[in-house]
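Inspection log for the structure reproduced underneath, given as structure tokens.
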């Protein structure tokens, strides 16, 4: 009997299954440069705060910008639905667990006030900060002009899965090449996880790609829909698309790994896997400055027919500055993310992010054994 | 020394080890079509309720048919042994744990009343529902004529493992090609798990195949006999057999994945792996309409020398309609199975089930990491 | 840089990682034959009781023989060191946990009485049972003549690892080809786990091979020495050696998988992997007739400098007959081992053990998911 | 579409995932030789005690030397910062958990007294012991002359990751070829984990290499930086570098596996993987003679911005002699490491360490199943 032709599945990997191999050359961490660019804008740290209501509000966006990173303000959350979003956020934080899903469904059924879009953006801009905003593909045509008018710097068009070719019932859906031509600011699109989908999105002319769909087995996207790709493989595949796109177009479009991070080691792994930057959600929901009051929830919670995700209690563990730069007395990698990244780059002999992309990685079992710690670097 | 010739084992995969990759094209969920066919009968949802006493009785079969699916009434369970099966079902539900095995042995040692076979079928038909019935291979010759006479629409011939070639002590066992010729309704046979066994069964002329033997490591079939194949690999292999059979015969015989489902994501994965439909047991035992009163048990229990399966307490979580179509406030994927399937199809750009068979899948570790949920689709 | 030449490691598999695939042909379990042969002796069930003090004494050996199997009496344990071994066994069972290691060291430091060797063998033979005895390689020259004189039927020469070529300080170690020539009864040797070691041992002329060294990660041999091979791979490799040896010599030397069994499914998997029989320890320590009084301990305990293994409390779960043949009301596969084997053989279409060796096996993850049980066979 | 070029990751293995296969030839353990050499110095056991304050002080170093091994005194810990290090060590042991990180930061901020370097070395030498000392690369130029002057026998230059090529801001970092030429005693360098980094370090002229960076998933190096390679793969790769270097230079440079050991089986596996010796930390922190008073901590703790590792309570389980040579009544492999190594060598037919490097190894799942223990060797 001939060998039957069966569907082939490739093995994919998540953060916990891989590790970075030290380089043959090492450098001192102070010599490393962590710059990251979107369009012509340069950020001194490759970190973005997620467009989630528990993470980014106006104040958080201003602080992130001052610290060298970028926070994305969600244009379809409480910030644009309520004049006083703080009240609503406190209500969500104080709701008993059994009522929170229906409360969220109610909160997010309020209409968006277009004037608030401009107000929020201007508040960020007035503080001298870079302002990025995020909208769903379905509503981008409506919000993009408002954002541009209010002088937003970058537009994120983001949904769980975004493709360059989408079919809908509406007469005409969002066409990325048209969007990119019509708005004078960089557009970042996502999320996607595969080589081909990423490459297609890059060819539409966008200035950045968000990578990550259902990264973990416990993700609601994975649980409910069976959809998802572990984050290291998704990053590796989309990095290959970026390199291919650069070869064919001459343009370097950064990829931003989004989702699944829990500690500094994960950030280092994402960068080594090929990410230009990382978008961070729940770790930032733990900062003192986060608007979530120690809680975090996904934006798919309110879905009326198929809610996914729940409100999660996160501990407030420190200030945003501590989590990014230390100093810290915790030893689990949840603080001083940039210090960890610089040390890892030093150990891999990488002077900058793109050199770090060349670090060797291995598949390493997530089996707990004893380890020994030693002073990290030579000098 | 020459390399010794040793037995080769291929790696197989279950639901928890795989995930679906979003497509390069996406569509709105409303545009998807979930039709499924057995013979000339079309069902609007690709879901079957298992031929188990805790799942399917007359009322449940009528309701499933109205909702677009199909329930299979087991002809060798309490429905045909007792005039008032409800009493017996309540007795099983109320029995203390330590007495339930012997109670089940007693309950299933009562003789089957042939007149009840016709009564149950006619009750379903009178309600305007499609009626499917199930029997063991050993008793099919006895029950098939009764079922046909009572106007059943489909006959399921099902045991843990069913092959096209079976040797027994009886003068003449069940010969599928003869059965198929002798009954004027579609015959669905199973279960099987391998390419070759599935292909042989299809060649006997049956109209559908049930796929699934000992899918999980905790299955009693796997524990007691060591027999079993994880469900994704079994589905992929049998789908390959279906495609091969269609190539050689021109006939498309659907495969129905049976066993191991726990949530919406599993259903989406089974379809993406190549299943045309899914047979569901314990999730339906959790519906308010299920005859099991919040309990579920395997039908192999009564075997006196080697009982397998035990009565399991399942929680009643909602109505059948909620579990199939929502709306829901639970976020773990156990409700709104069809909504989840349509969303997954949309994300994969699949307009119908057969397009969904082409979705890319990956092997993804079942390691729990943080995930982020976002509104799913663009429109 | 050229690819460095590094040590290669092949992946091995244990019971929990594999499963058996049903065959394309099935047969009724009553039609299966489970005969097993050592030399000219035929046993109706392929099961041996281990040469361990908590498992085999005179009475147990007689019972096993009557039930169709074979128990091996250990010639270097309490049975030959004490006139009343029952007293000592009770003392071990009653010792508090913290004193049991030193008690075992004391118990096993008593000298062996040569007259008891003959007494025990004759007691077994007088009851009409087949008598197998076991000794360590170092003491085989001393015990073999005594065993032969007392009319033992089979001699087991067994240590953790036994090779055809052993170097020791003594003037002359055990030479298997000489031993086999000098004793007129079949010699079974072991344990070994690799193709080459097994093939070498077969070439010495022995009549059977015991397979199994450190099968599980929690085995003391694996913990303390790092030595061991998971049992399915060891069985597959040694079965390949047996087939190779048969090809070159015309002689079929059975292999007996020893160690790591916990339930019926494991037995079925061992046979499907190529074993002719299985030696069972702790499952039999759980029988009412076992001399261990509900305890089990390894024979390496007494080693004064490096004790391995501990006394383990096992539950007494049934009679030996129940465990071998049922009937049973437990559903976890720990009882009715032969019933399970026959069912598995039926599902694989195997009329006898050697046909069962051809059953297809797969690597299947030991992840717990829901399974459904159905009546097993058609007829 | 052409297959995209994506980053490739090789699978790596740790202690818990591998096992050693018994050889075709076996020998009695008494016939094995466990000698290990650094430069011209021969040690009768291949075991080194780590340069950590909780493990090695003057007395411990003397005792290790007498027992045939080697302990490395850390020149940048409490021994050279305090006239009475015992007081400080007791203070660390007695500190409450919430204060220990800041206490360690304080303790290690005291300056090093150069006179104490000589004092400690001479105390070891006076007792007739071999004296090895360890320093960080950054401080080696300062300490090496002091150590040589005080007649130290071996110099360890060690940090988490050490490469032959390091770039720092200082005018001139440590150049290994120059160091090796300038000091008249053997230099051992580390740690490294890859073939290429190890080979480069050997080519600088050092006399030994320490292997191990972030061996376990729970290592702080892995958690915080994402950096690390499981220990078996690291050892195999560096052993390949050693063999390659010997081929090109004629010089045999031993590799010392450092980190991740928990029991005798791990030691045997490291040697079988190619290690010439093992450096042991926490197991020795458990000895009665260890200076840590039942505690153990990494030397990277004091780092003010990114502390890694914490003080861990270890149980004092026996004397150093018991842990190395027994006798013992524990059965978990944590004692009599050398007895275990000799037994494993015997089972593999290895007369010495380099023959043990040829032992076959397999990838074996760390799934717990029952195992059986039997007297280990034949004679």
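Letters A, B, C and D mark the chains in the order given here, with residues in each chain numbered from 1 onward.
Please note the rule applied: a contact is a pair of C-beta atoms (placed from the backbone, for glycine too) under 8 Å apart; a residue touches a chain by one contact, two chains touch by 3 or more.
Treat the numbers as computed from the prediction; the structure is a model and nothing was measured.
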Shared touch partners for chain C + chain D come out as none
Looking at chain A with chain B, do both copies bring the same residues to the contact (over half shared) or different ones?
different
What's the chain with its C-alpha centre farthest out from chain C?
A
Rounded to the nearest 5 degrees, how far is chain B rotated relative to chain C when their C-alpha atoms are superposed?
90
When centres are defined as mean Cα positions, the distance from chain A to chain B in whole Å is 40
Hey, how far is the Cα centre of chain A from the one of chain C, in Å?
56
Could you check chain B for residues that touch two or more other chains and list them?
13, 16, 196, 366
Which category does the touching pattern between chains fall into here: line, ring, star, complete, or other?
ring
Name the touching chain pairs, would you?
A-B, A-D, B-C, C-D
Report the residues of chain A in contact with chain B in the complex, numbered from low to high.
1, 4-7, 9-17, 50, 52, 101-102, 105, 136-138, 158-170, 173-174, 191-194, 196-197, 200, 212-231, 233, 258-262, 281-282, 298-301, 303-310, 366
Contacting residues of chain D [partner chain C, same complex]
13, 16, 18-28, 30-31, 195-196, 236-237, 239-241, 243-244, 263-269, 272-274, 325-333, 336, 339-340, 343-344, 347-349, 360-379
